[in-house]
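Both complexes below contain subunit A, partnered by subunit B and then by subunit C.
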Partner chain A sequence: MKKKAFAVTLDPATSLSNHTGSWRTLRPVNVFKLPPCNNQCPAGENIQQWLYYAGEGDYEHAWRVLTEENPLPACMGRVCYHTCEGKCNRGFLDESVGINSVERFLGDYALEHNLGFKIPSRETGKKVLIIGSGPAGLSAAYQLRRFGHKVHIVEMGQEPGGMMRYGIPVYRLPRNILDAEIKRITDMGVEIECGRKVENIEAEKRSGNYDAVILCLGASISTNVDIPQGDTTSILNALNVLGEIETKGDIQIARRVAVYGGGNTAVDVARSLRRIGAEPIIVYRRNRDKMPANEEEMDAAIEEGIQVKWLSTIAEARKDSLKIEKMVLDENGKPKPTGEYEELPADAVVLAIGQNVDTSVISKISGLNMEKDSVVIDNETMMTSVDGIFAAGDCASTDRTVTRAIGMGKHAARSVNAYLNGRAYKKAEKHEIAKFEDMHPWYYTDAPKQIREELEAARRCGTFDEVQKGLTEENAVFEARRCLSCGNCMECDNCYGVCPDSAIIKLGAGKGYEFNYDYCKGCGVCAQECPCGHIKMVPEQI
Partner chain B sequence: MLEKIKFYQTGSNTVGNRMLNPAMRTIQASEDRPNSLISGHRACQGCGEALGARYAIDAAMKATNGQIMLVNATGCLEVFSTPYPESAWQIPWIHSLFGNAASVGSGLAAAARILAKKHGQENAPRIIAQGGDGGTTDIGFGPLSGMFERNDDVLYICYDNEAYMNTGVQRSSATPPAARTATTQLVGDAPGADWGKGKDVPLIAMAHGIPYVATATVADLRDLENKVTKAMSFHGARYIQILVPCPLGWGLNSSSTVTAARLAMETGFFPVYEAEYGKVTSVRKIRQKQPVLNYLKLQRRYAHLTGKKADPNVVARLQAMCDQNIKNFGLLDDDNTEAAPVAIQAFERNQSV
Partner chain C sequence: MLKQIEGSLGVAEAVALCRPGVVCAYPISPQTHIVENVGKFVKTGTLKDCDFLNVESEFSAMSVAIGSSAGGARTYTATASQGLLFMVEGIYSASGLGLPIVMTVASRAIGGPINIWNDHSDSLSQRDSGWLQLFCESNQDAVDTHIMAFKIAETVGLPVMVCMDGFVLSHAFERLDIPSQEVVDKFLKEYEPNEYLNTSEPISMGAMVGPEAFTEVRILQQRKMARALKVIEDVTKEYRELTGSKSGGLLDCYNCENADLKLIILGSSVGTAKDEIDRLKKEGINVGIISLKSFRPFPYAKLAEAIGDTKQVICLERAFSFGGRGIICPEVKRAMEGKNCDIKTVVAGLGGRAIYGTTINGIVKNALDGKFTEEFTFFDVDASVLNSYTQKTEGVSFPNGPICQSQIDNSVNM
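Moving on to the complex of A and B:
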C-alpha cells in the first residue's frame, strides 16, 4: 500500500477483491448444439467442423476431419445429393452454404497433394470379410482398417466401386477420381479381390477363418415389369445399359429410346444415351412434382434436350412405337389410368423402375431374415439375424444413395469392432439441434453463394466429360466462410468483448474462452449477443 | 490470398474474427487489452456504461500508448468504479465534483503541458474528462461549454443513459420525450417526459466549432473504437457522446443492453455520426431499418406506449422523430448528408408536427 491520506487515494484495480460473482442467479454455460447439416448428413459427417478449418485455409486438417466419417470426399463432392444443404440455416438468411462444392474442393485438394490415410499403428489380428466393394463396403473396410483389423473385400465385378462404377455415369464421376480414392483405401492395407462371386458365404467365412462378415452386396438387379411386346422392339434394363456404357464406352441401341421410370437411374440412363447420340425420352407415370429424381439432375437433363412424357405408362411395345396410356393423379397423388391411349414412336425401351437385391446367394445363409428383398438388420448394431454377419448399404436399406451406404458402412464397421472386442455397439446419441432461432443473424453479412461452373449444355451431348467443374480455391474459402457455425463456437470474440464485467477470459487462438465465475454477474449479454447460439443461461444452483 | 477474402461468416460486425490479421482486429478482441476498467466494479448486471467506458478508455489507451489521465464527474460511473477502499481503474483517475469535470480537465491539461515542458518531455500525457448525461448536459454544462470555447486539449466523453440513474432515475435534459422516469411519471394527458424539452449536446458542441465531435453506441464497437482513436489524433477540445443503455433505468432485460443500443441506431432514434470543425464528415448508415416500436417494446419506461391502452399518436410522433433524424443526417443509403443537421428538439418544438 502506498502512503496516502485516508479515503482520498485508492490503489489501482483493488476492485478485484470484490467477487461480484456472488450476485449471480443465472450462469452462462457453453452448449454445443448439433448443426442441422451434420444432423442431416446420411454419412454422419462433421460438416460444420471441417468447414471451420477450410475457412481458415487449413485444407489438410479439414480433409482429415471430413475423412474421419467418409473416406471418399472427392467422389461424394460430385455424386452426393447434398440433402445437408436443404437443412442449412443460412438458407433462412440468403442461400444455403455450398457444402457439397467445398467437400469436392477438399477431396480434389487431397488427391492433388497426395494426402494419404494413416496406416494403423497396431494390428489386432482379427479378420473381416466384406462382400462387395461399393460405397458401403469401401467405407466399412476403411473404418475397420483404422481399428487395425485385417480386411478382405470380395467383389464380383471386374473392378471395385460397385454402383459408383457401374451405375453412376462418367460425366458425373470421372473414373480416375474413383480409382484414386479407392487406391488410398487399398494403400492402408485393405485387400480387394475382384472378379469373383462368393457362392457360399458361410463356407467362405469358415474356410478363411474370418471373425466377422459384412454384406455389402448392393441392389444389383434391375426391376422388371411385364410389358406386352411385339417381336422386334428391344427392351433392356437400366443397369445393363449403364454397365455396358461403362465397360465398352458405347452401346448398340436404337436411335429413339424410351426410358421408363422417374428415379435418378432413369435420368442417368437418359443423359448417358444422349451422349452416345441417341434421342432418349423419359416416360414417367406421375408429374414433375412427384418425381423422385434429384431436381438438379433433372434440370440438367432438360437443359441437355431430353424430353419427358409425364403422366404416362407404357401399355404395349410395338415394332417402332409404344402404346402409351395417359394417367391422372387422384387426390392422394396416386396415378390412375384413364383409358386414353396414344402412340409414341420409339425403337427401344430401357426399364429404370427400380433395383433389387440379388438374393440368390444370401438366401442360402441359414437363419438370415429377409423382408421383401432387403436383409433385416438391427438398426443399432447393423447385425443381421445371424451372429457375426452384418449388413450395410443398398442390400439392407430402402434409402439407396451412395451417402447413405457410406454412413451404414461406417456404423457396421464400428459395430463389428465392438463385436470383436466383446462389446455391444451403440450409435452416439444426437444432441440438441441448432435451430435458426438460436442464432443471432444480425452479425452475419449477406454473401452470395458461389456457383460451380458447368459445361455448356450444347457441348455436353457428344461427350462424357464431367459436367460440373470444381470451385477455385478463392471461391471454396469464400463458401466455407459463409458457414454460420450453428451451435458451435467460431471464435468471434463477441462474448469476450461485450461482457461489461470483463468476466470472460480469452484463452488464445484455437482454445476458446472461459467464464470467470468469480466476477460474472450473470447479466446474459454474452448469451444474447453470441452469433452461433453457443451460450446458454442456466439457473444457478443454490 | 486468404487475406483478400471477405469475412462473410460474421462480416466485421462481431468483436473479433479469428481469420483476421491481428492488426485489423478490434482492441477489445485482443487478449492483452488494457482493461482500464477491470472486474469487481459494482455496476448493475448488464451495465451499458461500464461496457462503454471500457471500450472507450481502452481505445484511448491504445491510441496514446497508455499516456492518459482521467477526470470523472459524479455519477454512476464514479460511484460504481470507486467505492472506498476499492478502485476498478487501472490508470490515473481523479474525481472532484459533479459539475466541474470539464474544468478539472482543462486544469490538468494545462498542468501536464507545463510539467512536460519543465522535464523536457516532448509529449504531455493526454486528458480525458468523462461523465454521465446529467453531469454533462445539465450540471456540468457551463464548464463544458467553457472548455470548448477555450479549445482546451481535453477529450470529453459523455456516457449517455438518458437520465440520472445513480440517484434513482430522474429526468435529465437528455431524457427523450414520453419516457417514464421518477420525475416524469405517467400522469396527465401526456404521460412521461415532456415533449419540446431537452437539448442536443453533440450539435451544441459542433456549434462551438471544436475540432472533433462524434456520437457512438455500445452496439457498434468498431465505430466507437475508430472514433476514440480519431479523437486522440486531434489536439484541442473534443466531444464524444456514447449511448449506453441502462437496464435498471430503462426497464430492460439485463441481457438486452447491446440489443437496445443497436435498435436505437437501426431505428434512427439515436443518430450516429462524426463532425470535424462544426461540419458532419461521416454518418453511420442504418443497416437494417426497424420501426421505432421494436425499440420501445424492449423497455418498460415506454410500456405505456406498447400496451393495450397505448396512445398510437405518441408512437407515431416518436416514429416521425426517428424519420426526421434519418432525413436530417442521411442515415439511409439513398439520402445525402448535405443539409445542415438540426437539433431534434427543434423538431419537437415545431407545432406543425
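Moving on to the complex of A and C:
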C-alpha cells in the first residue's frame, strides 16, 4: 500500500476499541434443549448425539455414546418399537428420521468389528444379585459392572435373554445377534447362571453376601381367560407357543388356529404360526384403530396373509369351531357385546391377551409391596418397599417393552450404585424440550427417509429368516444426517457466518461456539438463523 | 486514427484503450451503446484482462464498481438520468472512499414526467456528490476526456463523471480521431492504487467516522478537489502535447478577445453556439463563448480570468433548481464577486428541446438589447403550449417570448 486514507481506512482489529456490547438489551445464550426423540426414548438414549457421530462416519464413537444408555443396540435396532420416531421433529418437514435403522446399523457395525465394552478399571468389592437375564437384568448388570461392582445374574431359563429369547420370534431377532450382545456383557465379567429358579430371594441374598438385589424377573406367565370349551379343542397360551417354537423350532398344533388378543404378542404368535405352516387368524375384540399392537408389525402380518376377525370375542370353543360374539364400540371406544353370534372354524386357540408376573417367589419376600401382580417401586430410586431390593422391567411396570426394561434396568443400576455409596439416587433433570416451533427449518434440505429392505412376503411364510434387513453404510450415514439436531448445536456455522459484529467465537471442532459479549449488540440474527433452536435471546438486566 | 463512427463507439474505444480491469454495465438510454460496445470488445478479445459484468440494476453497477475499485482494479461504468439517481447512495460512497472510478453520464433529463432526451438535470443533480464532473462539447472531446479522466481520477484519488450530452453526442456519427494504443499506454500507466483490499495486507475500508474527525475528513476531500484543478490542467497539457488534441481543460474560450458579451455554456451546445457566433461576427456583433469543461471542481479563478473585463455574461443553462434559480449562474457570480459584471441565467434546451443557431442568436440579441432584465429567464418557451393549459384552468396567459421569474411570480399572485 502506498498511502492509506485518513480515518476511513483502518488497520486490522482497530475497531475492537469500540465495545458495541454495551448497546445490548438482549443477550444470546446457548441453550441445550432435549430433543423430543431423547425425551421419548424409554431407554433414555442420547439419540441426537449418536446420530451426529454416525452422520460424521465415526461409528465407534456413535456406538459408544449409544451404549452409555443401552448395551443391546443390535437387538434394539430390531425389536424396539421406536416411539422416538413418532416424536421426531423431522416428521413436520418430510418424514421422521429412521432412528431405529441407524441404531441397528451401529449395533451390527460393532458386532462386525468386535467392539467390546471397557472392563472396569477398579473393583468396588460390592456384590449385586440380579434375578432374571431379560433386557432389564442385562441392562442393570451392564451398568453396575461399569461402576466396578460384581454382578451375578440367576436365570431360570436354559439360556439368557428372557423375553428377547422366549417371547420374540427369530424372524425379528436372530439369536446369533442376541447371543453376541449378551456375550459382550459377560465379557465384562458379569456372571449369568442359567437353569435355576431362585426360590428364596432373601436367603439367597444373605448366603451370597449380596449388597443389593434387583428383581428383573419379567412377566413370564400368560394371562388366562375362562373360555367354555368342549374337551377336544386345544387352548394354549402365547408364551408356551413362542417358547416351544424357540426351543424346538416347531410346535405340534392344529392347522386353523385362532390367536386371541390384539397386542404385540398376538401378532408374534400369529406370524410364527404362519411360518410353521398353520393358518392363524387373530381374533380381537376391538378394531384396528384401537389395537395396541405395533402398526408396522401388524402391517407385516397382514402382508403375510394373516386374517383378523375384528370386533369379536370368543364365547365358546367347540370341537372344530369357535362361537364368536360380535362387538360394537361405544362412544368411549370400549367394546360392548351385541348378543349376535357367528361360527368361526378353528381347531385351536392361542391366548395372547396379556402376561403376568410370577408372584410365587417374590410374594414370599417379607414387606414387599405389590399392586396386582406388579412390584411397587419408588419411581425415582427404583427401590421396592424392602431396603436393598430394587426392581426393573416387566415385573415392575405396565409398559412392558424391551426398551422400557432397558431404561428401567439402567436407572435401577445407577440407583443401586448410589445406594452402595450411601447416597440416594436422583434421575437427572430433563432439559426443556426442543419444539419444532423453536427451530428455523428453512436451512434443512430435502432428504427422503431411507427404507430398510425386507424379505418378500411370499418368501417369509416358510422360514424364520429375518424379515427386515439393515441399511447399507451409505444409507445409514444419509439417514443419520437427516437428523435436525433439535435444540443442540451441530456446528453448522450459521451463527458464525451471520453475526454482523463477528462476535461469535468458534471453539474448535466438537466444542461449539461462544458469544463475545464485548461486541455482541444483541441483534438476535444468530438466534433467528440457528436452524436447530440452540440460541435463545434473554433480556439483559439493565 | 481517423474514423467516422458513432460517439458511443468512440467513447467505448477510448475506454478500452485505457485497459480497465472491470466494466460493469446496466443498460439505460442514451448510454447503452457505450457499454454494449465495450462488452463486444471484451467478448471478441479486443479488450483483454477485463471482467465485464452484467448486473441487475444501476445500484448494483455502482456497488460492483466500488467493490472492484476497492479491490484495486481500474473500473469503468456508464449511466444516465434515472439510472444515475438509482446509484446515488453508492456514488457518495465511491467519492468518500476516494475510489478513482470513471463513469460516463450520457446526460438526459430526469423524470417525471419521464423524458429520454438530453438536458443536464441528471448530471447537475450530483453537484455535491464529491465526484469530478467534466463536460464534453463534442465527441472528440468525449473520447479524449475519457482517456484523461482515468489519469485525473487516479492522480487525485477521486471518481470522475464524464458528462456527454445524450443522443446529441452519444448517437451522433462523426469523424473521430482515436489515439493509438501505444500513445494511450504511454500516457496512462498501469493503475497502482494507493490502497486496496488485499488479504496479505488486510485493511478495513470505509470505516465509520464520528464527529471527532468528520469535518477533517471532509476538508481532506475538499483538498483533493482543490488539487484536482491543477491536475486537470497538467493532465490536459500532457495529453495535448502527446496527441495534438485540443480537448479537455478546465474551460475553453472561443472568440473571447474584446467580446461585448460572453456566453457560458456546458456541453454540445457550445458547437452550435460557435457557428452562430461566427455568423454574428460578420454582423459586427462580438460575442465570446466560454465552454465550461469542469463543473466540479469549479474553476472560479480560471473563469474570472476568462471573463476578464467583459461586463455582461449569460449562462446558458440546461437545468435549473426548482424554487431557486440557475445552477451555473450563482457559481459564476461567486467567481466575479466584487467585479462589475452583469451575470444572468438563460434557461433553454430542457428535455431535448433543440438549441439551434437561431436560439443562440436570439439569446445574444436579447442580451445585447438589455431585454433580460432579471437574473432568471426561460428563453425558448412556447407560450401557446403553456397557455393552452393555464388559460383554461386559471384564466392566466403568458405573452410570446421569453418568460422571466417575475412573470411566473406575478401569474401566481393574480
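Criterion: the second predicted complex is superposed on the first by the 528 of 542 C-alpha atoms of A that agree within 3 Å, B and C clash if a C-alpha of one lies under 4 Å from a C-alpha of the other, contacts with A are read in each partner's own complex, and residues count from 1 in each chain.
The rule we apply is simple: a contact is a pair of C-beta atoms (placed from the backbone, for glycine too) under 8 Å apart; a residue touches a chain by one contact, two chains touch by 3 or more.
A quick note: this is a predicted structure, and the numbers were derived from the prediction, not measured.
Chemist: Between subunit B and subunit C, whom does A:245 touch in the aligned arrangement: first, second, both, or neither?
Modeler: After superposition on chain A, A:245 lies in contact with neither partner.
Chemist: Touch check for A:509: first (subunit B), second (subunit C), both, or neither?
Modeler: first
Chemist: Check the residue A:11 against both partner chains and state whether it touches subunit B (first), subunit C (second), both, or neither.
Modeler: Touch status of A:11: both partners.
Chemist: Quick check on the superposed pair: does A:447 touch subunit B, subunit C, both, or neither? Answer first, second, both or neither.
Modeler: First partner only, subunit B.
Chemist: Tell me which of subunit B and subunit C touches more residues of subunit A.
Modeler: Counting residues of subunit A touched by each partner, the higher count goes to B.
Chemist: Check the residue A:3 against both partner chains and state whether it touches subunit B (first), subunit C (second), both, or neither.
Modeler: second
Chemist: Which positions of subunit A sit in both the subunit B and the subunit C interface?
Modeler: 7, 10-12, 14-15
Chemist: Can you list the subunit C residues touching subunit A in their complex?
Modeler: 96-98, 192-196, 198, 201-207, 209, 213, 216-217, 220
Chemist: For subunit A, which residues are in contact with subunit C within the complex?
Modeler: 1-12, 14-15
Chemist: Using the touch definition from the top, list the residues of subunit A that touch subunit B in their complex.
Modeler: These residues of subunit A touch subunit B: 7, 10-20, 23, 55-57, 442-447, 473-474, 477-478, 481-485, 490-494, 496-503, 506, 508-509, 516, 518-519, 521-525, 527-529, 531, 537.
Chemist: Taking the touch rule as given, give the residues of subunit B at its contact with subunit A in the complex, in rising order.
Modeler: 1-2, 4-11, 13-19, 25-26, 28-29, 31, 35, 37-48, 50-51, 54, 81-82, 84-91, 221, 247, 253-259, 262, 288
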